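Below you'll find the structure I mean.
Chain IDs A, B, C, D and E follow the sequence of writing; residue 1 opens each chain.
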Amino acid sequence: MDEKIERPNLNVIPGSPIYVGERDPTETAFSLIGYDSSRAWLKSADTVEELLAAKNSPLGDLNPPGGLKPPIVWINVNGLKDSAAITRLAEHYGIHPLTVEDILDTGQRPKVEEFDNYLFFILKDLHSREGPELVSEQISLVLLENTVITFQEAAGDPFDGIRRRILNNGGRVRKMGADYLAYGLVDSVVDAYFLVLDDMGAKIEDFENRAMDEKDGAFMPDIQKVKQALLRIRRVVWPLRESLSLLPQLNPAFIHEDLGPFIKDLHDNVIQVVETVETYRELIAGVMEVNLSAVSNRLNQVMKVLAIISTLFIPLTFIVGVYGMNFTHMPELDYPYAYPLTWAAMILIAGGMVLFFKHRRWF
Amino acid sequence: MDEKIERPNLNVIPGSPIYVGERDPTETAFSLIGYDSSRAWLKSADTVEELLAAKNSPLGDLNPPGGLKPPIVWINVNGLKDSAAITRLAEHYGIHPLTVEDILDTGQRPKVEEFDNYLFFILKDLHSREGPELVSEQISLVLLENTVITFQEAAGDPFDGIRRRILNNGGRVRKMGADYLAYGLVDSVVDAYFLVLDDMGAKIEDFENRAMDEKDGAFMPDIQKVKQALLRIRRVVWPLRESLSLLPQLNPAFIHEDLGPFIKDLHDNVIQVVETVETYRELIAGVMEVNLSAVSNRLNQVMKVLAIISTLFIPLTFIVGVYGMNFTHMPELDYPYAYPLTWAAMILIAGGMVLFFKHRRWF
Amino acid sequence: MDEKIERPNLNVIPGSPIYVGERDPTETAFSLIGYDSSRAWLKSADTVEELLAAKNSPLGDLNPPGGLKPPIVWINVNGLKDSAAITRLAEHYGIHPLTVEDILDTGQRPKVEEFDNYLFFILKDLHSREGPELVSEQISLVLLENTVITFQEAAGDPFDGIRRRILNNGGRVRKMGADYLAYGLVDSVVDAYFLVLDDMGAKIEDFENRAMDEKDGAFMPDIQKVKQALLRIRRVVWPLRESLSLLPQLNPAFIHEDLGPFIKDLHDNVIQVVETVETYRELIAGVMEVNLSAVSNRLNQVMKVLAIISTLFIPLTFIVGVYGMNFTHMPELDYPYAYPLTWAAMILIAGGMVLFFKHRRWF
Amino acid sequence: MDEKIERPNLNVIPGSPIYVGERDPTETAFSLIGYDSSRAWLKSADTVEELLAAKNSPLGDLNPPGGLKPPIVWINVNGLKDSAAITRLAEHYGIHPLTVEDILDTGQRPKVEEFDNYLFFILKDLHSREGPELVSEQISLVLLENTVITFQEAAGDPFDGIRRRILNNGGRVRKMGADYLAYGLVDSVVDAYFLVLDDMGAKIEDFENRAMDEKDGAFMPDIQKVKQALLRIRRVVWPLRESLSLLPQLNPAFIHEDLGPFIKDLHDNVIQVVETVETYRELIAGVMEVNLSAVSNRLNQVMKVLAIISTLFIPLTFIVGVYGMNFTHMPELDYPYAYPLTWAAMILIAGGMVLFFKHRRWF
Amino acid sequence: MDEKIERPNLNVIPGSPIYVGERDPTETAFSLIGYDSSRAWLKSADTVEELLAAKNSPLGDLNPPGGLKPPIVWINVNGLKDSAAITRLAEHYGIHPLTVEDILDTGQRPKVEEFDNYLFFILKDLHSREGPELVSEQISLVLLENTVITFQEAAGDPFDGIRRRILNNGGRVRKMGADYLAYGLVDSVVDAYFLVLDDMGAKIEDFENRAMDEKDGAFMPDIQKVKQALLRIRRVVWPLRESLSLLPQLNPAFIHEDLGPFIKDLHDNVIQVVETVETYRELIAGVMEVNLSAVSNRLNQVMKVLAIISTLFIPLTFIVGVYGMNFTHMPELDYPYAYPLTWAAMILIAGGMVLFFKHRRWF
């Protein structure tokens, strides 16, 4: 079972959140990106205090004098080992202790939850960046007013494109609010599923080519692995489907109305992932049917050849056995044309058999 | 896998929409049909500017002086290569950038979306006009007030009938509004699915005739191809089912009340496509059951003949072997009637076997 | 594929409705039944004009002077060939052109539609009155105030019972309104499904008796035919289920409140048809499992007999072969008790084998 | 097909209700139980008039002077033959003619219907009280104010427990209203399903024990019988599920608020029956998988033994055949050690084969 | 069938609740834990009176003078034998007789019910604490204002962690209300399902390793046992899913608003159990497919070896048989090179066969 079933933490005393997961936790590191429509800055930090201090340092003169939009801040937390620091950060932003537990427990289901002062997303980043294995990594996202905080299980995330776009002022992101940033981050996680699905698609195409000829026993286990991977994607995407469809009805303080078309777009993508998974599952069922039918056809071929050879020669062997008997009184043995007549009889019998087989359309 | 899973564009920088698809994009060409109840005109154009200039040129004196209905304009865009021109056209009509991205990305799911000033449809035109292969082509439709704009991936569309009816004043189309034109265009795309389904139906009928006799290995892969094509039709029609049922509740500025029965009719057709696909899937399952049962019956026949021949002759061959032994002291060998008695014994044994088989109803 | 998939008319120019169907259209003939609680009259007609003229001719003195209920008129149209006459009739009663198209197109799904001045029903009459084949015939019904118009594809309908009851004043029909007449007509169509289902039931019972012994290849194709017929019934009944459940909420001008229990009864019957179809499908699945298991058991029996005979005699045949060798120096050959000892050895081996088989419980 | 599909009456002229069913109708007999919290009396009657006269005879002085609760009357009708008497009884209580038809037609689906002055229940009593066969009997129940009327197809009902409790003043029944009595009667019908399910459970357990060894052909047909019986229970219980969940919203004149917890309890029991049926179906599917796997394993064993014996001895038989040839010039024949060397070669070949089989893990 | 289907009590006279279950009832014992944010005490009792007396004994001076929160009391009842005592306890707290019946009947479905003065939970504790068998034990929970009463079928419960936390003031429990205590107790039951699922997961992983090689007949029955256990878990968890989603809408006297996130968390866990069960079922289906395919591959291998050996040697054996015949006139026998030529012919034939097999890719 490659498919590790993730589950929430048991027997953990509420009140002292710690990392819960299958892997060793990665060391915690912080980074911060701040931007408004005219500027953007990036800052790394080792401690929460350093991070919070750096939050608006380079702004200085940019501080909006009045009525202007404040800058957007995106804090990214890499690695969940230092649970104390994460708890301090969460307390600074007024995040509920249950949310902190969820962030630190990597066995959560994807979900979107609304709290009084923030929205909380749990996502699963699926990728095979580090090898042939499909790796699942939990990404949590907290959307506050003008601030987005993301938490990752390990280094390496699908957010590089957005980082670059913010810093280079590409696309719409610099012109819009924190909700658009959150949308972009979730969207990049969902986009990564398509890469994984492309990979699956190539494998299924390969299976389809092998299905007719495949004889070695690895075929079926290989297919099962792809099926398990599809199960995993579905488990990861399915809950998002419902959560995202509820997003537009949430507190408009977090999700502004002009984000509507983008959320719809994201929702469409999620549905497309789900439908593609279903389609792949049906294709795999088809591959297995073809393979089963091919295996059974081959067995039938073999059995038919065996049956034809056997039924052809078994009667003949009986006949030659008869004249191999050593009875003293066997008149045929001394008959001069006995041998050629025996041959003639055997050829007749064999020919009749062949005609019978032809008639039954065994050839 | 003939079934290409379509997916939305990844890593595209929002803000600069470009064509995304499996095929090379076709050169972009524009055409315009204008009409009211008394006149209709057709105009081709190479650039957006030429197109927009031509929009109401031949009208001149026809411009309704007061209270009269303005003419309906249908702009058709063939080929999605010139994304700049398409963007300009979209801006002229106040179309949202996300819609432009969807038009240019041929991996979209069929859908109907409502915007403030227009309705947006994505459809898939399925046809085999260019060969035996089933081709899927994306058609986008924007319904504004008095104007319909259609975008096609490639030349060749299912709209010829409507074009002719507009120009020849056939049917109701000249008497009704832009919403009826949009209905007619969507309806012609859906009607084309029935042609594809007819084709499938003929293939399934052919499978039913072959199912009892089929021995060559191509049967199952052929069936799988039809199953994949049915999957594809379902994926293309299913989303329409829901979208169309929501249409009557949309902004009455786009969909007038008197269009109600037509939309219901369209919805009925879509449901009929979905139900036919489901029925075909069940018929195919039945074909496979018949084929499986026929294959298994044939194998049983072969095995039974083999078993009968073997069990008839193996004991006899043993007997003749016994009297082929070269022992010095075998009293039977010299007994004068040994040979005919042996034959008699063998015939008795064989006869008994045959009776046994009859009793077991193996014949 | 006996199952003809019906589909709506394509490429038909709206505005000039003509007959669309698989069969040659039957010549159109009209008949009219008028009745109130005290009288009933029947009239045939060849043209629409004749029909409409005959509508209230025999009433004369019966015309209700004031406040009395007007008579109910039921017009039956047999055969859809004369589309012009049908269109004229429809126009006389203010029936929408789309409805006329639906009446003339025999590839429609069953449905109930509400229009401003009438209710429109499409039903499928399933019967095997003309032979062993299951025939599907479209029946359309328009319910206006005090008038019911029925349209049939071909002569021969399930309405005879109601005709007789009206003319003989049997049951409630003469005492109630046009809505009760419509209910009665729809109910008689639904009742006919039970006759067809009874037939299926008898066939399935027959399959159950054959399942254990069946060897000839016709079994599975026969079953598939029944499965296809069940598919067909389901396709014909399923849409009614939903439509009928919406009836009570429609315009009370057509469906009076006191019809409520009757519609509920009708709805119950439709649900019972659907459930019976589902039950039959499960029974058929069971029959196929029994048959599959019987076939596989029989093959196992055959293989076991083959295996027992082969494994019993092959070693013995080897032994007698050994002593059939012609080596000059084979001391056993001259040993006086060699022959009986060989027999003893062979009997021992065979006996051991039999014990082994018994132990393995192959008998 | 043991499963008789029940269906409503066809071609029955409305207005003259008669018995419709598979069996001969039982003679009709009436009985009446009246009770209040202080007294209870039981009365049998042969005619409706006698029954109605007996309704409050023994009450006499118990007649509540003012404001006191009137007594509850439970009329039980056994056997549906005398449709005229039943119709008279129904008219006395103002029961709708359609309800009378439903009572007399034993092919109805279970349901709960609300009328202006009563609630109408149709139930199916499943039992095997009279033999190994599962018998289904229709029980109708009409709940009026202070009166409950039950109609049974045949004598013998599951109501004995309640009768005893009323007469002996056991439990709550004497203290509560007619709605509680109706609840108790329905509950006793549902409780009887558990007895039938217990029986099924025992049979499935027996199947599980036989699944590994079963060879005779009766196994699969036996399983199918249980599957059909489960289908039957589900068909009988499923409609109740929905009907009962709607009960609390009905007219409070029939169902008082304090019955709420009891209805919920009844509903829970019905759901438990449905879930148990589903679980049994899954268990049966599991049994069939085990049996299939066991059959296939046994066949594999047989084939392997056959293959091993054949492949061991066929080459050896060939060798001894070679030295049984009668060629004049065969130098080996006269070689003194030829015979033992041949044996040695044969033993070597056989040993090699055995090693090969071991390597392939056929043992 | 390890799966015991539980069912409600039949034929029990309402009004005198007694224990109903599969096992012998355990002797009843009581214990009580009281706590507020500053103190906690534990007390055992043998009778209800002793228990109720002990309820607030140690509080004394702690009794809140005014406005302070009263202490929370948790009464735990171990064993359901003494139904009289349990009834007395229930009456003391105003618990409905139907609830008492449910508590004493261990065949109930899990559910949550709202009464006027309390909430009632039925849960199933699944564990294998006492052996390899999966044991199911009913736990009932009554949540009143400031009081929680739990009833257990047998000693040994999953509540130890919470007991310790209350007594040692660990986590949030001492700071929150009775509703949080109830949440904690339900949560610990649900958490125990994950332990059982972990066990299943390990078994499935083991099956996956065995699936390719498995030959002994125990494989399939073992899998069926796990499938049955999964069925059981699903039956136990599924009803909770719905009940918990309705909890937040219940009377806020029992469930305070600040419990919202905790209930959501619990609900998430329940959904995760259900999804894991579904995933496990799909994994098991995959294991069976792999096993089936492996078995069929192995059989094909065996049959192919048998066919190759047979078809290789059967013709050769026929040839040597020919020259073993004893005809007087067989010219070949005396031809000097006959023997080596025969060998040459046989080698040619065998070689040709091998090439034929290679061509057909049987190796």
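The criterion applied here is as follows: a contact is a pair of C-beta atoms (placed from the backbone, for glycine too) under 8 Å apart; a residue touches a chain by one contact, two chains touch by 3 or more.
Predicted, not measured: the structure shown is a model, and the values here were computed from it.
Asks: What is the size of the turn, to the nearest 5°, that moves the C-alpha atoms of subunit A onto the matching ones in subunit D?
Replies: The C-alpha superposition of subunit A onto subunit D needs 145 degrees.
Asks: Under the over-half criterion for shared residue numbers, do copies subunit C and subunit D use the same patch or different patches to meet?
Replies: Subunit C vs subunit D: different; shared/all numbers falls short of half.
Asks: Please report how many Å separate the Cα centroid of subunit B from that of subunit E, as a whole number.
Replies: Averaging C-alpha atoms per chain gives centres 43 Å apart.
Asks: Using Cα averages as centroids, what's the distance between subunit A and subunit B in whole Å?
Replies: 27
Asks: Spell out, as numbers or ranges, the residues of subunit C touching 2 or more other chains.
Replies: Within subunit C, the residues that touch at least two other chains are 299, 303, 306, 310, 314, 317, 321, 324-326, 330.
Asks: Looking at which chains touch which, would you call it a line, ring, star, complete or other?
Replies: Contact pattern: a closed ring, each chain touching exactly two others.
Asks: Just walk me round the ring: subunit A, then subunit E, then whatever comes after, in order.
Replies: Counting round from subunit A, the next being subunit E, yields A, E, D, C, B.
Asks: Across the complex, what residues on subunit D touch subunit C?
Replies: Where subunit D meets subunit C, its residues are 1, 3, 5, 7-8, 10-11, 13-15, 96, 98, 108-109, 111, 113, 115, 215, 217, 219-221, 224, 227-228, 231, 235, 288, 292, 295, 298-299, 301-303, 305-306, 309-310, 313-314, 316-317, 320-321, 323-326, 330, 332-334, 336-339, 342.
Asks: Which part of subunit B faces subunit C closely enough to touch in the complex?
Replies: 161, 165, 170-172, 191, 194-195, 197-198, 201, 204-205, 208, 211-212, 261-262, 264-265, 268-269, 271-272, 275-276, 279-280, 282-283, 286-287, 289-290, 293-294, 296-297, 299-300, 303-304, 306-307, 310-311, 314-315, 317-318, 321-322, 324-330, 360, 362
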